[in-house]
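Have a look at the structure that comes next, please.
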């Protein structure tokens, strides 16, 4: 039964995992996302749905547990925050290389290094360009509310299985820690072993049931031509994602002269800026990428044909702005406004940045 | 005494470490760069110069050993290849955050995942945008010959100390494994303890010599405003790098209509393409970024004002090309030609890509 | 209507759960709400505070620098948040443990002897409900019945027997708040 | 002058060191050189090959798909590299262990009984020097004196006493190569 | 009697198991990996576990195990096989899961994953092939390399002073409550192969009975890394490796059966 | 006699060492970290090692140790302090290097680094504060959490079946040839503090004498994580932690002095 | 006969009122104050100063190192 | 008395000539060929077939699993 609750983003993510019928969650505590595993443990997931929740000895172990479970056809997930996600880069590259469906959450905090536990959006490059080695991408969803922390679990798994790809939710400390109303979906039953055989038996390693040919999960391609072919297959997949599963939200862009591009917490703040700007007679709109990879190039290039400028607003020194620039490709000016270190930009300072952009 | 030798790139790097007066090398074997540590062990570095060579239990241990040595004012280095470098991402982010000078070599192989051991350039994003978390950058040098595998050791350390920053040599399997002539520099003496006190005593943790105030190495900034300030300091440093220490090579660009942008092995191949192109009457030049971060924006934007198009040639699905596009910013067309999986593009197919670019 | 509120004090004073009850109360009367804690440094001790927004409209930022109301429960929080009350706003505080009392003239200041009243009632755990009562008296934006509903929602079933006591504490707060 | 050469055979036949000696010889006569091994899969067994380029000019790519000369020392390498010799180029091979002999008409084909000759000389380790000799005979691009210098450079001091034996093997190769 | 009269299907007494594919093994001549693979597959076949077994092989010479073992296999990253196996067994508690790991993998980079999977008592079989060297990457020193033994990163012999003493991970994990059966074997002679196979059978039976972690160390040769002929390497192994890594059971049915220090 | 006649400089018998800064400790009231810090600094001061000592504190409640310990300090990433310390001691062999690590840090994520630094016998002191929980991140289960003990990730108590048994890393590393002195202490009572300090002094003397790795475990409380008052937490520790983690020497002068299994 | 007399000085601003010293004092000298300090802690003080022998037990267990101890010999 | 007679078949294409079987055979049946196979290995063969008892020792130690063993009982 769907339910309206007041929850932290991290908790909503946890509850959504349970209701999605996830088979295994493997994680290691780190602020500001430890509530995910704490919530799952408190909910006795194994008793509720049979879902396994395991505290791993490290982030590296956790991502490799996800690899094992995902490779055997089980729905599996992990979560962490910036330094922990850095440790998972090799594992993520393996997951992408072996084409394994799974879900990861990064509740981003300020970096580099140990940094701060305050919210940040400075892991955008890592998530979208590939912090691990090789030419791979994850499908990256950026929730901007507690509701989306829950909803994107289902959406994420749908994509993960559609493309056989790891999916990341790129969130931040604000969204993870805040409570909001959230409508939690009905419980989906976990797939039975039989259903897994039927759905994933052609690739998943679950034993040679019925004496079928063996399945192999690997990301090793010793021969260059095979390796290149595999890479081309991955690239084709990314292209298809861009065509079919790119997501964004446009807010008051219809008549806008200027566009803020912002995701997650920054997008919420920028919405407030629209209001302030319009009060001052500035026709401002917001384009919120919901998927960071694939990046919503189509709507942005369309807007680039009719607006006067873009401002990328992000809690970082300038990462998202590069994708905006790549898309706009010089047609109009693209500026950046960012705060970092856990400082959340205020709608007023964003407005000032817009005014500066207009003046220039 | 300087010496002319025939060496593998990996060996030349090792020998250059010794001659640079490095204090500590910490590494873990991985193809195609295990020759670095093998060479150092065979050379009995400790007996030659007092340099420590230690095989760590993992890449993570290795990068953290580098952290410890660098933080105590010792010249230290590590090397690895793609999957191993992914494992080092947390450590690299810490090094950048704590502003520690050190040198790292990535002899890139094909990915993602276990991939192949053949050469690749698909770790460009990881190296230049920050594979680890947070808004940091390394200074990234891209050697294109065995000579540069040696020379960039000194250059790299000079920058590392000038900016207090980790420096990466982004090489690949070709450059690491091939032998060429190399002129090895004279032996520099390792700094004495006394010299280290004098040079680095103001920041390095080497004990409160003479009862001075304690030194602290950290990347932790709990308070958001301090964290932001620290980030701004880092950004200012990156800006200065771009102004003062950006490096590139231009080959026959003076009269060129078309420009190939390529680094490392791809740049060598592209040089051959110039020859083929000019035979066909196509005025082709090559701009070889020597530093990938900072990226040579200045010469490229200047060229963008007078040439007809750019082609980024790289052994990847398209990474360097983004920096070229960001720089050219729509002024002329920018295309990409890449091979991956360990396949090295041939000068002829690069020429074909140029011809296609011209036609379009 | 939009109420932007900060509750600030020591860890252990029930600051976060008071905010949660308020937020739930907002939901009970069909409003949009957000609850954003300061999740302090990854270490122990120190202050705790939470920003609660209750609004008829979609909430953009859950993190604020200025507030309609500040509920302040120790000196450190007074130092930090007195200045962040919007002109014309409300500052409600418990004078216990406060050495420098608020001085602003452009806001309304109320006090409530929460700690003493809780001690009087023989249960320090209801301290935050007394403060909540005082707030409801000063700013009756949320209906008491919705607060009770919110309380039910935010308390696990096994604690529902404590609701009458909590209600009593709320009334205590309502009755004892002083306008300074 | 540019010579683009591949030497291909089993691991253990001295393919890589032969290439290294050649490259060193090029340096001795002031040329540009490159030596690029196939660094096979991270596992054991199988073939070994090395691409050597000796040139008067700066070398662009050390990795090639076509060669002026191919020196082929087993069947697998024959299957792989016969086709990659440039028209007009040279293929030199040891017929021992070769089941399908080369058939191309547009290249010059030479053979050298390296394995047998080495066995004759009672030392299988000099196999690669015999092959080198054969190559020097067929393509006298590098002067013998420079090869000897290259040999010295690439052998550790303690093996220098073996140089005369190696030289002898080179001559053996030079004398016994056959044009087919 | 003529040979061709003997070589008849009805007289067959030994033939490679169907659970080994026909692919040519990528191992060097005489390398123990092949034998270790084969007896593991024989056990799985004989126990009728083909439909239930999932193997995990991380990086090492046996990275291509999936080309040879004719069962469902996962290739894992270097050192992390026990974590990968944990992910499988926790979500498929009734399957049979094993890892096949080298000494570099299990005892260097994978130390934490090994210790913690063993400590949690994951119901898996760990087949640990200890050849005292990093075979795959060209013979570098492993944590298990013997004192003074040469390798490409200890070209003058392992100097215990600076490189540490060889690590006996098998003895260490025997101390953890989660391990149930911990034993050390070899596969260079017929008798040793038989014993090793018996141990594997016991281990697979134990995980079928959900008894917790099973660790079967196989002390093996690496003739390429050791730079010896296969036969010499086996002799060297008996003379040098066995005294340091004595064969036999260390823990049986959850009880330590050997003095550990 | 009047109190103010006693409180005179000449009558001073105890005063916080100069090697503790005047910053207010970031620890919860009654947390053993403060005492552990102080005695470590007292030993360094008393031994005259201020100019030679470099401390490494990774993430954990003691991440800010550099704010309190008035010596050169490095902040390290979670679990990697032994590797960081290795980098220092190898390049500064005559310095005194110590790490200060929590149980989550040393026995979970840092398992490999701990085992291998100990196995190599790095000449460092490891101060290992075992409070059976992840204090800093809000009281999650650690590898050392006792059976059935509650934490925020074992809210119904540690279930040994699924979460594994507590890990005694100290006993494990005692088995490694590289460790020289391995001992377990506590700092909740004056007598225990004195003994712990003596052990620390011995450990620092041993690294001065280049004897190899020293590991001093300090079983401590985490009243916030355990959700108890400081005084209750100390009592609980004595009753519950000490039986599982018995105090005393485990290895002295390279010799194991206690039965380990 | 010579008797020792002791006294302690608690830095009441920094004391966190944990009570560890109270338990550690062999002669029950210390108690926690009814009042709180700036941080809200009931700080320690000598409730029974006469009993103090200056043994330092309290100071060496004080996690925050906020106790200073003095001692004198007094002739009876 | 019944005697056992054995024979082995070596897959000479796949045999790597390691010689492990040679050492393992209790009755010295096996030797390595002078000739090499396609991969250049001196493959194993029954040099002394009469001595073979079909004990399988060779086959169970063959790392490449290329030996198949047959055995019959023969009446004397």
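Letters A, B, C, D, E, F, G and H mark the chains in the order given here, with residues in each chain numbered from 1 onward.
To be clear about the criterion, a residue touches a chain if its C-beta (ideal position, glycine included) is under 8 Å from a C-beta of that chain, and two chains touch if they have at least 3 such contacts.
What you see is a predicted model; the values in this text were computed from it and never measured.
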Reaching chain G from chain B through chains that touch each other, fewest steps | 2
Across the interfaces D-H and F-G, which one involves more C-beta pairs in contact?
-> F-G
Quick one: chain G and chain H, Cα centre-to-centre, how many Å?
-> 86
Note: chain E sits from chain D at a C-alpha centroid distance in Å of 40
Averaged-CA centre spacing for the pair chain F and chain E, given as whole angstrom = 37
Distance from the CA centroid of chain E to that of chain G, rounded to the nearest Å?
-> 62
Each of the following residues of chain G touches two or more other chains, namely 16
Mark out which residues of chain A touch at least two other chains, giving numbers and ranges.
-> 31, 54, 57-58, 60, 83, 90, 94, 98, 113-114, 116-117, 218-220, 222
Return the residues of chain C touching two or more other chains; collapse runs of consecutive numbers into ranges.
-> 41-42, 45
Complex contacts: residues of chain G adjacent to chain F | 5-7, 9, 14, 16-20, 22-24, 41, 46, 49, 54-57, 59-72, 74
Counting only contacts in the complex, chain C reaches chain G at residues 10, 45, 74-75, 97, 99
Please give the residue numbers of chain E that touch chain F in the complex, ascending.
-> 108-112, 115-116, 119-121, 143, 162-165, 167, 171-172, 175-178, 256, 260-261
For chain E, which residues are in contact with chain B within the complex?
-> 59, 63, 75, 77-79, 108-109, 111, 134, 137-138, 140-141, 143, 152-156, 162-163
Going by the contact rule at the top, pick out the chain B residues touching chain D in the complex.
-> 4, 6, 31-32, 117, 173-174, 177-181, 265, 268-272, 344, 346-347
